[in-house]
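Presented sequentially are two complexes of subunit A, the first with subunit B as partner and the second with subunit C.
On to the complex of A and B.
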């Protein structure tokens, strides 16, 4: 190839790369600024929040966090969020691991069944909420964390099963067969051999289930409501007819964000996969 | 053979609790909602007197519901255009094997993990129009500082609905052929919806980028290289080779983003509420209002069923299509 042309091409390529880098960096600002702003706001006093024009440099105050974390109500909401997310995830894993393993190992239903399972996630939750409300009212579980735990388990199970099928399929069948020949039951082969082999994948499924439960709002506001408020419901509650309480609202938002930020870093790949119905790896 | 049967039975037994739970949860409850929508249940305690499709007839005649449908359509179309354009652009830029690609990707994806409630709260602040007495804030202030003060406007607080003016040439033509409603606010885009789209796009365009990036990476390098050797420009490579190969990804993205936008509820609650003249109202919000504030359970169920049908129209063909392509593999 002509050396001159090649050099020229390199120059153009460099210029384009520089331009691409610049545009991407600009988009990063757009992505991060809103989050940065809510964090800044959470460290402002009531007076500083209502200053016009808004300030970037100010003396940070822990007023909002102090108010929240010493409030009995807010600690309750936080506890509700933690309980619903962790207990529902534990149930999802307990039910989902055996289901995913059998689907992967014995090929029951094949692709069709696993796609069908995943498609459950796409139905609008609002179409399920009336019977759920009636049912929980009937058994007196309305406004309890139990209602939310049950709903989140059912909501996250399809996706977790679908994701874990992929992981279990990656375990070579020979290992299983060898264990069975050695006198293992399928049950012990599952827990002693397969589960440890795919532990990182299972952790990803669990983390996603926690994130979905943690962020959920519709069921939380309708079935949890008054006495079983979770963080998103609490955050939305700072907007009232009379005023918007920006201080506590931003601090509560930040508290709701922190675990998500940490968890999301571990599972971003699966986050995409999960929403895409496997169309993209 | 005997052992195999036993294993399979065990597998089915392991599987059934989950499958049964999921099936009841989804199909059973949808069936119940469908049934409830055909009754006279209009207070907290159930009343299963069958009334046929009365609730649906009333619903479609309801002005708020018509506005909601208009908003949903506007939201979905704008949201899809914005996410697909931004997502594809970001993916093409990132695909240039850029420095620190991983960092970019993680940051772009990050908003997606946040709840719509927090997103709504943040954007409620950023798009707060401020007031003449106190001055501008948020994005309006940014416009002011950049010397783009003329771009300032009321964002989600502006009740304007853009539509074809009835006295324009097109408007008069539409009236003459009996389609006068198309030149009225009944068919249009409300300003509040644009603000909602901005927030939702902030949240989901990184996700669209990730889909497209995976699609781009699946295109063999040799294919692009061969075209370049044949003298194709970068644009021609994109247009004739890359875009056609991304079509399945675009279809998936449309389905996934589309079903998210039809279901949207939490963003509206946190960011705008139903708005002045329902300028930011959506069917899911109306459903919640009707059912759990007004105790009109049958009517609320009817709204839920309409939403369900809209989502089904979108996803069922897609599901059939994906299963069929997988079966061919």
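On to the complex of A and C.
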């Protein structure tokens, strides 16, 4: 009877394992299907997209990519996206690295400052977009990539500083103290000792900053638009109340998501830390 | 912790005055930058709140004192949008937490690194891409979801056209997009639990569920709190995904507060009143984030 019970237990365990695996597989399918579907759609012709029932097996066509990549406008949007994401991230790092190091090591401003930086991360973009719109209108920077670069820098700086404070705190303080005693200034201690020590973390902060800027929509549509359209705005522009172009929309979406997915692979290890501002490691 | 560091250094003598000055110079550019682009707009928002300024009318801003606030408390559409936003946030955070916990536990036992990579995809791709992809799948004529319903012999719902179903459709999309966030946090929390706790519970004869309920979940509480707070704040702020998905329609039933504020500001060009609406959202979010700040600073 004892062995019988044990066998039963094994069977139940196997059943539960099978069920668990089935559930997991179902969830993964749920996660992946929309992404796979938009990728598939991007390789369909206009006619193939607009048939019902939808086709799962078809001859791939590069029609949509051809349309986009030979379009002067679209190349412009892609360039805008690349410029805003990289230049704003460069600014974030230039301003953020010294600030984070100083806050982590010398406690300038104490808790109040880091507290404030943190709250800035929580601002709803909609609360800033009207004043920023009017400010940039006043200085004639609307519909320029500069408006977006300036705003994305401000958007990503608080989170990047916060994240990098954590990384700098991981460096043993003794090393810094010794360097200072040996006549290093904080600047040289930062560049020669600390930055090399936490380089992977800083790279992760930069990549996250690129991802956030690349994906951003609200500021892009209000402050950019027109000649400063970025990819998310362009993607949204293919589907309006007046006209819907699923083909170019899906191809533009794929072009927008490929670099992000690749970047995310690199920063996977830091993603949780980055998204929770270091609360969870 | 940071404060003691500063004190220790200033105790070591002459060197430190100079060090301290340099340290201030390191942080100053960032602070000034954030003041100009982050804080100045907020002060400007205070100006806007007490003015009527309809950009399309060409008239200059007109001081109206509490006029916008009075309009706010009489604005039924605002209260509906506010209630809807809170209901949306509560709904999505609850579903995402339960589903996220389930999947995190499954991934802990069966997870391969590759699966984890798949799982995080929905939350890192652009919200506009998410919104439009789902809009395409929801499409009533060529949508793939209707095809699945047809196969199963079910009548396909009007995902975004029906005033009741549309509310659930936006929840579904948010659940798809953000459950990964909960999964990643809880998975990280679960993996960092000390193994000896589990072993001790095993020796005491606890089964899987008892272990989960009495041992793991209590230990996981800080991670759960952080996950829920971040999600609640982001759910209240939601804009991009829902905006491209429904723009608040049909018949305004998916109009969240952020979307209403957007429409007032950039469709009706009412800068003052739009700012008041956004300020309500800002205040709610900041109150929430006050709860989170001490936890984040403890690390």
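Odds and ends about this structure:
By our rule, the second predicted complex is superposed on the first by the 247 of 281 C-alpha atoms of A that agree within 3 Å, B and C clash if a C-alpha of one lies under 4 Å from a C-alpha of the other, contacts with A are read in each partner's own complex, and residues count from 1 in each chain.
Assume a residue touches a chain if its C-beta (ideal position, glycine included) is under 8 Å from a C-beta of that chain, and two chains touch if they have at least 3 such contacts.
Since the structure is predicted, the reported quantities are computational estimates derived from the model, not experimental observations.
Partners subunit B and subunit C clash in the overlay (superposition on subunit A). After overlaying the two complexes on the shared chain, residue contacts for A:166 are found with subunit C alone; subunit B is out of touch.
In the superposition on chain A, A:112 makes contact with subunit B only, not with subunit C. Using the contact criterion defined above for the overlaid structures, shared-chain residue A:126 touches subunit B and also reaches subunit C.
Shared-chain residue A:54: touches subunit B and subunit C both.
Legend: residue contacts after superposition of the two complexes on their common chain; A:20 is shown touching both subunit B and subunit C. By the touch criterion defined above, A:250 lies against subunit B and subunit C together after alignment on the C-alpha atoms of chain A. With both structures placed on the common chain, the touch criterion links A:75 to neither subunit B nor subunit C. When the two complexes are laid over each other on chain A, subunit A has residues 20-21, 23-24, 27-28, 30-32, 34-35, 37-38, 41, 52-54, 95-96, 98-99, 101-103, 105-106, 108, 111, 115, 117, 119-120, 122-134, 153-154, 157-158, 161, 186-187, 211, 214-215, 217-218, 222, 232, 235-236, 239, 246, 249-250, 253, 256-257, 260-261, 264-265, 268, 271-272, 275-277, 279-281 in contact with both subunit B and subunit C. By the touch rule above, subunit A contacts subunit C in their complex via residues 20-21, 23-24, 27-28, 30-32, 34-35, 37-38, 41, 49-54, 95-96, 98-99, 101-111, 113-115, 117-120, 122-135, 150-151, 153-154, 157-158, 161-162, 166, 173, 177, 180-181, 185-187, 190, 211, 214-215, 217-218, 222, 231-233, 235-236, 238-239, 246, 249-250, 253, 256-257, 260-261, 264-265, 268, 271-272, 275-281. Taken together, the subunit C residues at the contact with subunit A in this complex read 1-6, 9, 15, 18-20, 22-24, 26-27, 29-31, 33-34, 37-38, 40-42, 44-45, 48, 99, 102-103, 106-107, 109-110, 115-122, 124-130, 132-137, 141-142, 144, 146-147, 150, 176, 180-181, 184-185, 188-189, 192, 223, 226-227, 230, 233, 236-237, 239-240, 243-244, 258, 261-262, 265-266, 271, 274-275, 278-279, 281-282, 285-286, 288-289, 292-293, 295-297, 299.
Across the interface of their complex, subunit B is touched by residues 16-17, 20-21, 23-24, 27-28, 30-32, 34-35, 37-38, 41, 52-54, 95-96, 98-99, 101-103, 105-106, 108, 111-112, 115, 117, 119-120, 122-134, 153-155, 157-158, 161, 186-187, 211, 214-218, 221-222, 232, 235-236, 239, 244, 246, 249-250, 253, 256-257, 260-261, 263-265, 268, 271-272, 275-277, 279-281 of subunit A. Interface of subunit B with subunit A (complex): residues 7-8, 10-12, 14-15, 17-19, 21-22, 25-26, 28-30, 32-33, 36, 46, 86, 89-90, 93-94, 96, 98-99, 104-126, 130, 134-138, 141, 202, 206-207, 210-211, 214-215, 248-249, 252, 256, 259, 262-263, 265-266, 269-270, 273, 284, 287-288, 291-292, 297, 300-301, 304-305, 307-308, 311, 315, 319, 322-323, 326-327.
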